[in-house]
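Shared between the two complexes below is chain A, which has chain B as its partner in the first and chain C in the second.
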Partner chain A sequence: MAKNRYFYCLFVMNTLINILNFTPRELIDARFDGAQSSILVAVAVGTLFIYLFTRVIHKFPGQGLPEIFGSALPKLLASPLIFVYAVLWYMAGTLILLSFVDITLRFISPDTGPYAIMFGFLAVVCLCSRIDSLSLLYGLEVTLGITIPLILYTIVKAIINPDFSWDAVLEVMTHSLHAPDLNSIAAATFTFSGYINMAVFNRVFHGLKLKHLWILSLEGFLMLLITFFVPIGYHGTVGIERHVYTWFSTADSIRIEAFLIERMLYVFYFACITLSLVSAIIQWHVGKELLLSLLPSPSGKPKTKLLQELVILVLFASGALALMRLDQYNLNMLGVFLQHIRWYGEMLMIGLLFWCYWVVRGRRE
Partner chain B sequence: MSEQQHTQAVLLEWIRSQLSGFGDLEDKVLTIPAGQVSLLYIKSVTDGQAISRNIIAPFYEMGHPAAYYSYVADYPGSEEVTDGQRALDLLLSGYACIGREGKLCCFDVLRAEASSIKETITESISQGPSDALGESLAVNLNLVRRRYLSSALKMEFTVIGNVSKTKVAILYDESRVNHQVLAELKEKLDSLKLDILQAAGELEKYISSDKLRIFPKTIVTERPDRVVFNLAEGKVAVLLDTTGYAIVLPSIFNDFFTAMDDKIHLPFVGRFLKLLRILGVAMTLWLPALYIAFTSYNPEIVRVQIALLIGGSRATVPYPSFVEVILMMIMMEFLTEASLRLPRAIGPTATTVGGLILGQAATAAGLIGNIMIILVSVVAISNFLVPLNMMSFSIRVLKYFFVIAAAVLGLVGVVICLVGFTLYLCSQRSFGQPYFRMFALDVLGADQRKKSGGQ
Partner chain C sequence: MRSLRGGIIGIILLLVCTVLAGCNFKDIDRRIFVVAIGIDPGKEEGVFKVSLKLAIPQGDVTKIDEKMLILTEESESISEALRRMKSKVEKELDYVHCKTIILGERIAAKDIRHVTDWAVRRRDIQSILNFAVGRPGALEVLQVKPPSERIPSNSLILAMSGQGTESPFISSVYSYQLMRNIYENGIDPILPIIEAQGKEQFLIDKIALLDKSKIKLVFSPNETRLFNLLSRSNLRTNFPAHIGSGMYQYYTESSSSSYRIVTNRDEEPYIRYTIKIRAILEENSTEEMITHHMLKKIGKAGAAELGGAVKALLVKIRDSGMDPLGWGLHYGARHWNNGTEMAEWGRLYPRLNFQVNAQVEVKYSGMIK
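The block that comes next holds the complex of A and B.
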């Protein structure tokens, strides 16, 4: 069975990939209109969500979302809910892939066609999302072991750079006293939403106990601050708004003086893409598991299950390919929209879980 | 003639009919005034001296067939049989059959021709024991037992192969072994349907359920000290008769990078050596792929000086870097294989021809860049840092996946391959044990894990 540390892995994964695109962009767009206070609100709300979620999921050891909903909610309500959540997870994974295709084309290999890159991504994501949940957690841990040092190196290198403009940071800080903004809160809470994957991964946890919640909250807070302020320190208070992938542009401004690789961009890209691929795999895995739970599962017929998995993954892949027609602007709009939906979905899920717990307990008594 | 005598005669008659055509079958009736016994054995698998000393001489010395028979039946290793098939099996595996008044007894006089204990060849180490497992099961058991003086070390025997009847010993430390693993192994061994089993590697193939696996799930070793070391870690060892190798299971990824002299070295030296191996594997997997990515797709990644250097060395090369890399790597594989198979006398030819012609002439002719030559040698050398051969071979094959991915997608392909293989490794299980994990963290919690038992 999975140890508790894998829960922290799921959490850290999200705090690290939030650097990628939507969160920094949303926060930086609102840098004069309440991004700073939104970060504080997001930290409080995110920590509260984690606390509530782990409390309630602790009551359902070894059960995933389908089992919990199935046992406490009427089937007519449970199935559509699961379906909606599955689509949400699928979209989250797909968005990561889509934005990474864009990033790769822009920063790494402009010569390779977008579809070639997408096919490469889809191959590994489809194959790997079929792996069982426990193994995915092991894989996530190994990936974090590879990428965290690189990301930390990037961040440290970014901050100690003498050309880092602390004045710009201080200038933006002066706009802190502003009412928080809903868009920014939704984007910033993404940092804390790693726990939500437990909807399926709870199947391999037996009685999750969360210790040191404050570490998670502190880590999330620090990552949000870094996400928000470091690009501003590089590109200036106003110049920053011209960058789409702010963090990649930031990493591209850093030079490593004494190594084979001179541009930090590639180190950062390597770490980010590795982590994002694993993250997309995990999202698709959750989406696939949720959809599978809706289909009838004839016991003792591994072939049927394989077929069902294949159909789901082919649907996933073709959906991702179809979405490649979105341009950068629409992709961004979709991302922002999804951030909102995801946040409300989290609230709804926690509420439903408490409701399920109440129903199950009432039935027992 | 009583009923009993009758059955014995029938039994012997049946055995004789089964063994008709055996030129080396010895079928004698020993007679003294007080009575007689019949003696049956196959010359080629029995020890003539043991027969004359332990079977024939006592019969004439004792002068009393009944007392003699009880001497034979009580002798350690003897077995009284009533079933013809069993008697036949024993005869074939080096027993002599002695029959008297309806009873039949099989007496162990096996002559096993096996080479004596040799030094390790495939897993040499610089310090530490150098005996290798031999080809005789009895000797191997002795080698292991002598190093593991614990009453908890249990042995179970079974026979595999309809024709070869290979004796297989399962060894484990009862107090430490994971009983699930043991049960799974026994189940797999029982369900095996084979005619011939001759090598440990062969058995390894049959007991691994995954047909398409790239990584070995069980260690095949020739070192008794490795067997003992693993037994103490709670693993199961399978020893085969007629082969100089043992199988150790369950084995995880990390085990394949442990050499037996890691323990002998100073702690920091041992760690350093292990780090070196992992670095070697990383180099052998990635260098060719990165070379392709850097030359054909992303020359801007590395420093401009390096990019220019590589570009300069490739100036005369008339084809893309992918072809260059594949060409050189295949050449290197040819060399490795050839020097393995060639008779010792002409072995150096291959290396001279390969080294000189490939190294010097190919660059002089402008077919291959200078840097490529260096790279290929680094890849070849670092591949052999892995202490266990099976893993070394896996990695040899694996690097081509990376090369192809890099050829298709550049740096992105290498990353995709890396993620894919990491997760593939993590999804593997060796007899229920996770194959690949973040080991450092587990070592920290090792004491705690032992208390709670498993995982």
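The block that comes next holds the complex of A and C.
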């Protein structure tokens, strides 16, 4: 049984990896028309989602999404839904891997072939996503313990740099008075969507109780501000639109004067790769568990289960390899599309969970 | 069961290993490191002359004897020149440790945006590399080899980064800053000028002001120092103070500067600069002992002199029409009428006046009175 603090770990993981790719890009694209107000809306919406979700999931101690849907919805409806969610989770993990292959190629090792990097990542992710949920949570906690100090160091170092252009940040602040923009909201709510992994991880939680919700919204809000404003301080209000991986370009612009390595890029890359691999592992674990629940359960036959997992993971891996043909712009479009779908999916899931709760309670009475 | 799982893991790991061996990773003894790049205009119009300064890796650190090599190639494009140069060396050229890009003065007088775009776009070139203008040309600057230097191009790196000498005349510009200021509205880029003086010495004490693309104005060393005083805090330098026929020099222990753009309706717009300096007396041309009263007087005289010099510099910047200190961006950042603020600023700028409030506080008279 997992303690409540692992829920916070899942949340923090998402707020940290949102720095990576799509969230800053979408927000920065809308910096002159509504990113700032979108951040505020996203904080409110994200907090509301977490609140509703934890309230309803509390009523289903020790049950994952398949068990809840299975008990309350007709099978004809439950199975396709579970399948769609599984694909969604799988795509989320794949997108992280694809972005990271691209980042590694650009910033770390231009000479290595993309497929070699992908194979390395896939080996780690496929092997680790088979580990049971509870162990994954423990692993996540340890990883956060290693990476949070590094990411904090990067952020502090970025902000205290005398060459950080506060005027550029203030200039973008004066563009705040705009109606929020849907793309930005969808991208920004990703910061708050770490809770959604509870769809499977709730199996190891028995009666999740959430204390101090405001800490989560404050943390998410601060991370969104940092995600959005720090790259602008480094690359200017206009120049920023020319950068592809804004946060990696920013880390590349920070110099460590007194340390073994001079470029902050490597520190930041190490923290990010660790975190995003763990995050991809968790996403694929959820995707795999959801798909497994659709297959006939091999009661007492570990060999069949192994075979099923193997088939799923091979499918996952070959899908990821096939998606490597996308170029930079296609990948970005897919990312934005997925951000939207994910957000609507979250809404739908919370709605469905309330519906399930209503059905189950009706039956009991 | 156990053995099956172990077997699968083993097979996958083996597969991964074969893939890794297949990629073209090169060991350090098959690489040669580019430490500085110089870009000049070529003989013909529209042709770049690209020079690379290469450091040759050596094993034993204690017995290092500086070995370097300069390659030069002319081509219409920078990348083409670099590819051609690959056939001039037997090892793979590695740009990861490149810390300086020198633009020949004639390139900087024409257009720097092409080179900047290339340097930022290249994925293996850092964003924290120094950009500078080379005089008379980039190649001449690359060829300078000070006798005190032990690692190729290290003298330039040390001088520009402030890790070695802390000269008040040197200001460094990283490529991300150059890129930022080229595209930003309301701030114009600057570049330090490195002059080659013979084969063994260089001089970095001037700044070039650019109007987004090319050099428009070059500051004298004194103006450069004042500019650095305004653009960064805690500049370590000395300034003079004259009282009667006596000349005093004070050393700035700490310095800071801030400004406010004041636009009242009933008076002309002006910028009020406040400069605060805490200083130590360093030189005294008279034979008199320094009293407390004298210390105050030196501070006052120094402040008046500094204020006058800074004001002259600010007027010169305004008359040049460029904005190296980012006043326009500062103005925009404090006004919410985003559609019109830059046009407003454009009308304001030529009419700007300046008030300089310099406060020099000489705290000590040094070791003797």
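Everything that follows uses one rule, which is that the second predicted complex is superposed on the first by the 365 of 365 C-alpha atoms of A that agree within 3 Å, B and C clash if a C-alpha of one lies under 4 Å from a C-alpha of the other, contacts with A are read in each partner's own complex, and residues count from 1 in each chain.
Simple rule for what comes next: contacts are C-beta pairs under 8 Å (C-beta built on N, C-alpha and C of every residue); 3 or more make two chains touch, one makes a residue touch a chain.
Predicted model, so just to flag it, every value in this text is computed and none were measured.
> Counting only touches as set out at the top, which of chain B and chain C does A:V278 meet: first, second, both, neither?
In the superposed model, A:V278 contacts chain B only, not chain C.
> Is A:T104 in contact with chain B, with chain C, with both, or with neither (first, second, both, neither)?
In the superposed model, A:T104 contacts chain B only, not chain C.
> Contacts for A:F270 in the overlay, against chain B (first) and chain C (second): which applies, first, second, both or neither?
In the superposition, A:F270 touches chain B alone.
> Is A:T112 in contact with chain B, with chain C, with both, or with neither (first, second, both, neither)?
Touch status of A:T112: both partners.
> Name the contact category of A:I261: first (chain B only), second (chain C only), both, or neither.
First partner only, chain B.
> Who does A:R5 touch here: chain B (first), chain C (second), both, or neither?
So A:R5 only meets chain B here.
> Give one of first, second, both or neither to describe whether A:Y138 is in contact with chain B, with chain C, with both, or with none.
Only chain B; A:Y138 stays clear of chain C.
> Touching A:C128, do we find chain B (first), chain C (second), both, or neither?
After superposition on chain A, A:C128 lies in contact with chain B alone.
> Name the contact category of A:L222: first (chain B only), second (chain C only), both, or neither.
neither
> Does any part of chain A touch chain B in one structure and chain C in the other, and if so which residues?
109, 111-112, 116, 120, 123, 127, 262-263
> Where on chain A does chain C make contact in their complex?
For this pair, the touching residues of chain A are 32, 105-107, 109-113, 115-116, 119-120, 123, 126-127, 162-163, 165, 167-171, 173-175, 177, 234-239, 242, 249, 252-255, 257, 262-263, 302-303, 306.
> Which residues of chain C touch chain A once you look at their complex with the stated criterion?
The touching residues are 1, 4-5, 9, 12-13, 15-16, 19-20, 22-26, 120, 123-124, 126-128, 163, 174, 176-177, 179-185, 187, 232-233, 326, 329-330, 332-336, 338.
> Okay, in this complex, where on chain A does chain B touch?
1, 5, 104, 108-109, 111-112, 116-117, 120-121, 123-124, 127-128, 131-132, 134-136, 138-139, 141-143, 145, 260-263, 266, 270, 273-274, 277-278, 281
> In the complex of these two chains, what residues of chain B are touching chain A?
By the definition above, chain B touches chain A via 297-298, 300-304, 306, 405, 408-413, 415-416, 418-420, 422-428, 434, 436-438, 440-441, 455.
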